[in-house]
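My questions all concern the structure below.
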Amino acid sequence: MHVLDAPPIASQPAARARSFAARYAGATVLALGAHPDDIELGIGGTLAALSGAGARVVMAIVSVPADFQTRCAEARAAAAILGCELRLLMDGGCHRIEDFKNYQLVGMVDELVRELAPAALLTHGPGDFHRDHVAVYHAAFSSQRLAQFDFYSYLPTMCRPVPVPFQPRAYVDISRTIGRKIQAIAAHPSQFSSRGITFELYRDIARLNGRMCGVEYAEGLDINRMVFA
Amino acid sequence: MHVLDAPPIASQPAARARSFAARYAGATVLALGAHPDDIELGIGGTLAALSGAGARVVMAIVSVPADFQTRCAEARAAAAILGCELRLLMDGGCHRIEDFKNYQLVGMVDELVRELAPAALLTHGPGDFHRDHVAVYHAAFSSQRLAQFDFYSYLPTMCRPVPVPFQPRAYVDISRTIGRKIQAIAAHPSQFSSRGITFELYRDIARLNGRMCGVEYAEGLDINRMVFA
Amino acid sequence: MHVLDAPPIASQPAARARSFAARYAGATVLALGAHPDDIELGIGGTLAALSGAGARVVMAIVSVPADFQTRCAEARAAAAILGCELRLLMDGGCHRIEDFKNYQLVGMVDELVRELAPAALLTHGPGDFHRDHVAVYHAAFSSQRLAQFDFYSYLPTMCRPVPVPFQPRAYVDISRTIGRKIQAIAAHPSQFSSRGITFELYRDIARLNGRMCGVEYAEGLDINRMVFA
Amino acid sequence: MHVLDAPPIASQPAARARSFAARYAGATVLALGAHPDDIELGIGGTLAALSGAGARVVMAIVSVPADFQTRCAEARAAAAILGCELRLLMDGGCHRIEDFKNYQLVGMVDELVRELAPAALLTHGPGDFHRDHVAVYHAAFSSQRLAQFDFYSYLPTMCRPVPVPFQPRAYVDISRTIGRKIQAIAAHPSQFSSRGITFELYRDIARLNGRMCGVEYAEGLDINRMVFA
Amino acid sequence: MHVLDAPPIASQPAARARSFAARYAGATVLALGAHPDDIELGIGGTLAALSGAGARVVMAIVSVPADFQTRCAEARAAAAILGCELRLLMDGGCHRIEDFKNYQLVGMVDELVRELAPAALLTHGPGDFHRDHVAVYHAAFSSQRLAQFDFYSYLPTMCRPVPVPFQPRAYVDISRTIGRKIQAIAAHPSQFSSRGITFELYRDIARLNGRMCGVEYAEGLDINRMVFA
Amino acid sequence: MHVLDAPPIASQPAARARSFAARYAGATVLALGAHPDDIELGIGGTLAALSGAGARVVMAIVSVPADFQTRCAEARAAAAILGCELRLLMDGGCHRIEDFKNYQLVGMVDELVRELAPAALLTHGPGDFHRDHVAVYHAAFSSQRLAQFDFYSYLPTMCRPVPVPFQPRAYVDISRTIGRKIQAIAAHPSQFSSRGITFELYRDIARLNGRMCGVEYAEGLDINRMVFA
């Protein structure tokens, strides 16, 4: 590696004015995930930072596929840790997203968008390998015809690692909320500790993302659309 | 077309807090273009909005390929209209970018980034068909190793239309500065009016971008990297 | 922008021999759309030019999702304006495309292709955000195993703007049929005027496409396959 | 493999009206290749069909890298076999394309486009692995700002096989000119027979392309832009 | 074409140690196909080489869509020719893959992966045009979370040619098993000979792939993941 | 996240037979890097494993851009740590790759490939942001016309982090050689310790890659071509 005679890194001015929290202060942010724990894995640190800075943050889970009571309780505990409101779109018991039509899923997300008028919506991305995650992304994509919100995708989330391409386009500093992110994931023992599965993968990813933007820990997002209006 | 029973568009809350100008208020923004008029065509409206809101905006032109005096004067006039500082990287006469090595170009951009410590850098994109534009993009890409700035690309710019893929990822409302953008482009008569070439293409593009985000006129940007820290 | 010393635009010889209508004169062209109004929005001008030049043009709508009588009547009116035959694949009442299996949809398109032996098939593209549109594209793709027709995709169609990548690869001059295209769209008041929705977006797109190929108005197509045999 | 109950292939009507030759009858077609033999390998059959049908076909070679006299003579023999005019852009002796700047190459192609006002330009594609081929593609791309011609790319050409992605988007029936294509390639003994290198690869590719569109032999093209005006 | 003064091809040392069979000797390889004949068309030669070298090779067909007895018998005959074990995932009669949910399909593939612990899994690719093939690919992709196997995709398989992009990334020499591949395909008369459909396309493809890697016949694979551990 | 009722991970059989070292035992492997330290950063662990298993491994550096004596000494020290032979293509003093033509670079790589007849070549990838790295990749790509070697790309290498997309397609277990990789990087104090730059980024990446394939540390490779013959 040789790039132009070892130039010193320019000193970075304090940029709190350009934090994620600054952009959405006083606004509503909608985080959408297919199942309990997806949102925590993808953007737990970002949401904690947002709610801590005064944004209203709604975590909307599409469905609970099994162990309804347990997983709802875990989701509630995690949402409390992150300072977020919790919603369940396919309520009343266990459901599988594939058992619903895409137009039904679009209807549920539309309703939420109409109610909340979010300034930003964060959900799964189109390159995820889990078909349910992709379906949720597509439904969220459709809801853009209703309103002009910023629209982000978080990394493919999974309990057991499968390599899937994901290149962050935005980095959110979560150095001060990494602890709460980890706590919120740990609030899902049915998915991790009780099955002997570690989630250290997500701390490693956050550290690597941090290196990419000069902070200790960061979450990476892909940006589908931003509206500067 | 049928998407879920004709839902009403959610009323949009005032979002000035999420404008481009709000994000970079009090900071320095660096606009980089291969030749005179590129920056105006790509982001004239955005720059006028930024400078109007108090950001320091530097328009850095890499080279003047011909008619040195005329084109420098046009560039100065345009920069004045947009409220921006003007820089010329390959100064002292006409130069062709291809006659310099990539490492020399990286050196010039590095120097600028070190001096200005910009919060954002906007330049050509990798999909442009003009080799000089792509070279400038690559040099700007390299300068990311020096500092953590937001890094955007604007649309392929050209005097005579050639179809090239470009899909905006961010929309910047320029409804209030479209007039100044047009004026700034018109400040380059050597490229347009004196050759009988119209630049109405750029107004059409701004109108179309505006439709995509619910305003009258907008400029579209691709986002290479954003840092929320 | 500086490309080689301002060369004059070469004078264009009359190219009627290379028009879309010339290519399909005396042949059958099949236009396929998921719902009423999709075809008009995407290629109304092209179809009017084709039918005006003596091609047999069949507009095949896959399903009417709601307001069966109204929307059928609107579709008939629009087809008449464009000089096209109208077909409805999922006839007899309202249907949702997602309620059919892909193999059923392939069967319907196959039947049409076998009956009409079209020289060209134009339909939605794979990058459309509406899942129904993508399903129709996939079905049309499959029907290529039956016959050697030219296969084109038109732009993502929608009532309310959502940014979706679409880069035309072919431009069809519709300067003489833009009026009929607009009339044909206006023949769908249930989707536009009665809901207070404008469709000026499509005129803007046609103007921009026109600029890209040196005419007043054009429609853009992506080309999936052409057979010069 | 199972696609919908084994449907019979629809009988194909005679489509001579949609041949490549029909589209460009009476017009000028410009074939551009980096070095002698590239054009023959890529589109020898297509050019023979065009010239046979009365189009003016110009084969423009950018440079002869070695053995000037021999390779010029071979190129002349091949052009004669295909019924085409021959041009050499970097004339007067051996030249390497890389020793010229991109703007110089653009200038040469521009001049040719202005002189010939071609209805179609066929050249290398952007995915070729040979840097000279890509440079020629870029120069041809730029010349689109001068005029509205159809713009095609042919497959990566090479003496010794290297796998490179290339997916034809258009198929040109060369069943009646495959013999002349092979003859034209064989007219370059310095590249093939005298080095013990076979060019049967190109016959195999033509046969495979033929299978894809229901004829005996075909050449495949990618389509960068078509103008139906 | 001119690449550096006609260099002689380096003499190739014998590389049997790097054959596909060497990599999987003594291990289990799982070949997965949507319907009878897909696996033979895609990787019949590779499987014959593997089984001949002592690997355990399991051909798992997801469903028989029609003519249950006939097609099962054909599949058994083909598997015997290739020296492979045969499995049918949706057993007991005709089934259509689309009539199952994705999670059901994932369950079936998971079970197979758990039972066999394959060192490699070969199946359809994501770019196939047949929706059933893509569904099988997605299910196989998901099963990567269970175990660390090499994961390959074979070319789009079809009875009647449809152009679909597929670029091999790996080449497997099948010069010694091409005959058995052809025999195994011919063991499906219900799909080919009894319908008057040739499968010479696949011999042509194998010859072309062979040219790309210096052997007589080869099969091409895309590589999704390899684990060198 | 919910994928099919929490299935247990299949127990993995010992797979040393499928290690990278097993594939290239007794053969020559060529590692190619633009400048000193690139190879160590990208594939130091893989090379140590290969040389330790008896492969001949040649590290070929294209150029030393500055501090010739120092950097040559560092490169020699690193090569010794990894058990590799060292070559310098642009020898005799400092050189910049851009000051050479692509055909000259191809000539240098060709010569090496002819001399060594490598079973595998590992170098930079096409998506790297450093123009020199991309130039070296292109030259290596061209050398495929001379011989049938496996051709891999390693991740973008850099001293200061810049986000660039890179998705491994192959994972090489380096759990037993991570220490030597780190030592080999540390052997370049002029690039890291003496400038106060850490290279912990590369340990983090190796840990993350390890998680993706169930080992402690791994290096990720993209695969351009593999030949199983």
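Letters A, B, C, D, E and F mark the chains as written, and numbering starts fresh at 1 in each.
We adopt the following convention: a residue touches a chain if its C-beta (ideal position, glycine included) is under 8 Å from a C-beta of that chain, and two chains touch if they have at least 3 such contacts.
Source: prediction; values computed, not measured.
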Each chain counted as touching subunit A and subunit F at once: B, E
Intersection of contact partners for subunit B and subunit C: A, D
Farthest chain (mean CA position) relative to subunit F: C
Of all other chains, the one whose Cα centre sits farthest from subunit A: D
Interface residue overlap between copies subunit C and subunit D, same or different (over half shared): same
Centroid distance [mean C-alpha coordinates] between subunit B and subunit A, Å: 31
Rounded Å distance between subunit C and subunit F, as computed from the means of their C-alpha atoms: 50
Multi-partner residues of subunit E (at least 2 other chains): 3, 9, 103, 130, 142, 145-146, 158-163, 171, 213, 225
Interchain contacts, given as pairs of chains that touch: A-B, A-C, A-E, A-F, B-C, B-D, B-F, C-D, C-E, D-E, D-F, E-F
Sites on subunit F touched by subunit E in the complex: 3-4, 7-13, 15, 17-20, 23-27, 103, 106-107, 110, 113-114, 117, 119, 142, 145-148, 150, 169-173, 213-215, 218, 223-229
Touching residues on subunit F, where the partner in the complex is subunit A: 1-3, 5-6, 9, 34-35, 37-38, 41, 65-66, 130, 132, 157-163, 165, 167-168, 171, 191, 195, 200-201, 204-205, 207-208, 211-213
Subunit F partner contacts - residues on subunit D that touch it in the complex: 96, 98-99, 129-131, 158-163
Subunit C residues within the subunit E interface of the complex: 101-103, 138, 141-142, 144-146, 225
